[in-house]
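By written order: A, B, C and D. Residues from 1 in each chain.
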Amino acid sequence: MRTNSVNVVRIPTNGPGDVSGLLSLIQQGKIDPRSIVAILGKTEGNGGVNDFTREYAVSALSAALAPYVDLPSQRVEQRIAFVMSGGTEGVLSPHLTVFTRDDVSDRGSEVISGKRLSIGMAHTRDFLPEEIGRDAQIRETAKAVAAAMAQAAIVDPQDVHFVQIKCPLLTSDRIEAAMARGNETATNSAYGSMAYSRGASALGVAVALGEIEGEIEDKDVLRRFDLFSSVASTSAGIELMHNVVIVLGNSASSAAPFAIGHAVMRDAIDSAAVIDALKSVGLHTEHDSKPSTAARELVNIFAKAEAAPSGCIRGFRHVMLEDTDISSTRHARAAVGGLIGGLSGTGAVYVSGGAEHQGPSGGGPVAVIARLSDDQSD
Amino acid sequence: MRTNSVNVVRIPTNGPGDVSGLLSLIQQGKIDPRSIVAILGKTEGNGGVNDFTREYAVSALSAALAPYVDLPSQRVEQRIAFVMSGGTEGVLSPHLTVFTRDDVSDRGSEVISGKRLSIGMAHTRDFLPEEIGRDAQIRETAKAVAAAMAQAAIVDPQDVHFVQIKCPLLTSDRIEAAMARGNETATNSAYGSMAYSRGASALGVAVALGEIEGEIEDKDVLRRFDLFSSVASTSAGIELMHNVVIVLGNSASSAAPFAIGHAVMRDAIDSAAVIDALKSVGLHTEHDSKPSTAARELVNIFAKAEAAPSGCIRGFRHVMLEDTDISSTRHARAAVGGLIGGLSGTGAVYVSGGAEHQGPSGGGPVAVIARLSDDQSD
Amino acid sequence: MRTNSVNVVRIPTNGPGDVSGLLSLIQQGKIDPRSIVAILGKTEGNGGVNDFTREYAVSALSAALAPYVDLPSQRVEQRIAFVMSGGTEGVLSPHLTVFTRDDVSDRGSEVISGKRLSIGMAHTRDFLPEEIGRDAQIRETAKAVAAAMAQAAIVDPQDVHFVQIKCPLLTSDRIEAAMARGNETATNSAYGSMAYSRGASALGVAVALGEIEGEIEDKDVLRRFDLFSSVASTSAGIELMHNVVIVLGNSASSAAPFAIGHAVMRDAIDSAAVIDALKSVGLHTEHDSKPSTAARELVNIFAKAEAAPSGCIRGFRHVMLEDTDISSTRHARAAVGGLIGGLSGTGAVYVSGGAEHQGPSGGGPVAVIARLSDDQSD
Amino acid sequence: MRTNSVNVVRIPTNGPGDVSGLLSLIQQGKIDPRSIVAILGKTEGNGGVNDFTREYAVSALSAALAPYVDLPSQRVEQRIAFVMSGGTEGVLSPHLTVFTRDDVSDRGSEVISGKRLSIGMAHTRDFLPEEIGRDAQIRETAKAVAAAMAQAAIVDPQDVHFVQIKCPLLTSDRIEAAMARGNETATNSAYGSMAYSRGASALGVAVALGEIEGEIEDKDVLRRFDLFSSVASTSAGIELMHNVVIVLGNSASSAAPFAIGHAVMRDAIDSAAVIDALKSVGLHTEHDSKPSTAARELVNIFAKAEAAPSGCIRGFRHVMLEDTDISSTRHARAAVGGLIGGLSGTGAVYVSGGAEHQGPSGGGPVAVIARLSDDQSD
């Protein structure tokens, strides 16, 4: 018996404050605003500490959706998870991906075969600045992942294909507040704290899904890159102090006409992994001779990118970590965005930077959502 | 009868001033310094007006090669063409590609089948600042291309697969010098002049190879992007006032164990074109099920990248042209470098930015040099 | 008889979306929201084409003030002029300057001596993309300046000390729209169009105030830098297609406890001009041995900065125009902000970049508003 | 009895590889190349990890001076100290300052009154990557400062006005080398290591000059900013693994027609300190009503700049530390360069970024060298 369904819509934007595409779909009845549970977006800022396009987008979305959900603008975020990832370098194109979830009656759903896309969400408590990038953030995140899986009716960790987390970062103010309490933060650098927060959050996913055995210590964060989650994608933003966890996977309880799959890029030029991820949901690259399965259609790709901490990719030196003009996250998003854009035929994909403990060192997870053909979904 | 042979060696570098790899190969007898005709390099600067890594690399190479060619350091550049393209964004890796050319006796070369890699060079006179980006630069470049083809013993324009040009740019000083003569330059922006110079040089190639019919006017430069060369690659640098032209193609007179081919990327995500270019010299992508021909081996890929002037790639907006923090050439190199790096399995490829009139608008040429297996080359 | 009064308040912000300081002053009764006529702000973006902190700040201010002025959020901007200048490089500090204007009864104002701060506003019609940077923008701006002077009750152009203009820029879309109409825009570069729009707007001020004699032609814009206004400050933003004009000067009709004065920096290191501007309203630099007049107090400084187009400052080369990593406007704001911050003792000053035709080439206007002591203002 | 003399010449450059000004002065007999002991330069790179303009300048200077000092190019640096500081943001202008030293006979020098400019140099041993930013670097630097003072014939620490140090930084390779030895470096960030190296080197100066009492521990570096030297200026570069120490001060043994003085900027807008430093050698700011002493003439100003780690300057927030697009050192140099340029009337001053433990937190030392008038120097 199918008990819920999910809808996923990708909407291009003309700027971080552009909500016209979303409102148009709402007005056309194609999106029910009361069913929206999460919106993942790529915005065109620098993706760094001072990327205000993320909070601007959230502010614009909140104001636009407030009347539909009967909440004041500033409380919309408590109901809908907004995850804005800054940085659309190279061929990447700013866009939103809107996820809705509905309860469905049993009728008709018995003919659906296989597991289908499901979504679940949870969040941690607020962290103290000195907890960011450390054990507390890892443990609380793991708890939230378990809660989100339960909500998505996903039992088997193997059915989880993407866990998006929004996590906090440190600012001068927050670092000072910790100091005033006599505590040291994991780093004194605002930019550097984004890596710590992303890393600890990803380790939390790995713990929840059983991808890591044994204990993780504070000092393993950003050091032991052999510890990682193959499905975690974490994004740091200045606008919150807790982690928001969104689990995407396939569930026997879902009646959605979508499926999700993933692969793990072992480095930033791992084209085989991207192709594997496409194939895992029945899609093929455009230059592939074989036709893609029936009428399956790409909805979006979700990937993480990072500059290999070793300074090398397959034996050749890269300069991303030594560039004082462009942050390494921007370099990495541009490159991986170029590869995924080329293989999928579109730059409107969600490639996010900073893949610490998200996939192997220098690599990262790549997940694909496909819309199934009508035959398959009825 | 084969009359010349060419050798091509790719050498990674540890920095713009690093000549140790080259010197080591010379000392091992693998490169004869007196046979070097051209060195194309990717250096790790910003690729813009103030990218001094290009002239630093040329200065270091000149000083290193001077004793071998019995010339004072500052005159080495008159004998060997150095083309340094700045910008190794994303997965791109700094390296040099050294081309040597030798006369060969007839012995053994009669068993070689097909056309083989050949190289020819020429240069224009010095330009006045006010000639850059205009008719004079187009015409003089076309003449130099013809001269370089003759030197390479290439008769059919179809056998030309890559024409690398090094061309000048404007600086405040040069713009003022023109003004002092009562002349206006094509642009008052130093950065902007790089595009004008690259564009006019590429149009010169198109004229020489018969890719364009009819007259080109000054106002067509950077406007009529339907006029382009499919094999031109032009790079602007502050260190010269003339164009240096290097023609790469296949010639029946060459006994070299290498072949070159090319394709044209119609946009920055044209993976099919990259694969076609690889296939044109018998290579396949690494995730391809079919094995690559015999023991053919990739030597290097030469490609141009640019941000689509339309602001869109396959219907989706890109932000490269509206980013005040990162120049569009850096964005484009990073993205196309990611795609080519992914398909070829290495970031040590020559991807150069600014593809005005080099391939269609938003796209660019991609050429591949492969080493033939021993069987094929004897 | 004094007929109006102006209040000026400087408010630090914690980010582009921060309206808490303004709301707090409104709640304390220190600012009457219905009297607000203009808000000038410095926001912490890059000040370039893709600086979304400006529109984010406007969006936040509109949402915050909407309930006080009984207008829907998106219409607040029609009543209050918001001018956000992006870029707080170096010591510059993000802040807002709020201007209110009230009608005053005659009572008490007869004892006020001298002219006092007054403000007037007007705006032009929307421009077509192809009008930006050209004659139409110059003429329409001149008309709007005259209208704003009348509103401020300023008769003598000598009493105008600062004219802030917010003007549009070109985007890829707008350039294409012009092309589709068969018209060419002044430039094809989005970033470059900011200079054209600022320049033409400044020339409009010069025309209105009689600072230029004779005709100005389209080709003079960004060429004849001997034509300039000594009081114009123009700022380009993506969010509008018309010019908004704010005239600040001293008027015999004003009962405000403030005065404004200005000087003209002849280059970016003209400390004497900054000191003159401070002295013009009775203020002195902090290291000055003489005490400042009575209890006069600095409210804010408004200045324009630019990289000398000649490439030199007092005979020494600067690199601002040849830097592909940092735009010249960011360089110039940082440097002039450092000088003004050092002489005034605070980084919370309004230094805006891009001073084309605003002051002499390489220089720019610098205006100072001082609060008069109680004795002086009663 | 005067035993040595020093000459100081400031030479503008047209690029990092430009040695024409220096060679011209040598050919005119105004600089004796065999007397050159140190060259301090400002080059126009980003001042960060990948600023190759520093090593390019050193390479060009070495090649140019080699024939004059009878050394192969690569050994010139062992005889002459080259300190290239990258980053000429804003009004700063690329230039070299050449220091020569000669033994002088006693004749005539007895009529010289007061202490005069003297220079001394020393260097430490090479450091291991894991020693950078830690105790070993502090102690070895202190020893080298004492040795350099002795060479300069300066006895009283109060006579030391500027200690320029060139120190190493970490790269991915160096960090890995330490890891391979089982040791951790002070930081894993190449960019971050520049701060550690500068900080420890400055603390070494403070120890040598008695500016700090008691022990310094590894954990104080970049933490206890109350510990600092008032005369240290340290610059990190990729091209060396040891510290080079140059002491500038006034000595009774010097017969040079120059004097040096200094003041300490307490923050980045401390104009009073800049004026004090100018006054300390008899110079005044150009807008000062009092004429400067006799014919004293500014030779150069040497200052350090940094973004206040507190995030505030005199109560107002700055954004330098939270900008992912422009590094804080570039922001700080631009701002302080603007102030010093404005007060001294020239942008050709040596303002270097990263003032950790060099002056108080957020501030830095500012030293001035003046040429004395003929009357004074005979």
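By our rule, a contact is a pair of C-beta atoms (placed from the backbone, for glycine too) under 8 Å apart; a residue touches a chain by one contact, two chains touch by 3 or more.
Because the structure is a prediction, the values reported are computed rather than measured.
Looking at chain C and chain D, the chains that touch each of them are A, B. Taking the mean Cα position of each chain as its centre, C sits at the greatest distance from chain B.
Chain C has its Cα centroid 47 Å from the Cα centroid of chain B. If you average the CA atoms of chain B and of chain D, the two centres end up 41 Å from each other.
Within chain D, residues 44, 46, 50, 319, 323, 325 each touch two or more of the remaining chains. If you draw each protein chain as a dot and join the dots that touch, every dot ends up joined to every other dot.
Looking at the complex, you find that chain B touches chain C at residues 46-51, 171-173, 176, 188-192, 222, 309-311, 319, 321-325, 327.
Chain contact summary for the complex, chain B toward chain A: residues 12, 14, 44, 46, 88-95, 268-272, 274-275, 285-287, 313-314, 316-320, 323, 325-326, 330-332, 334-339, 341-343, 345-348. Chain D contributes residues 15-17, 44-45, 50, 52-53, 55-56, 59-60, 63, 73, 325 to its touches with chain B in the complex.
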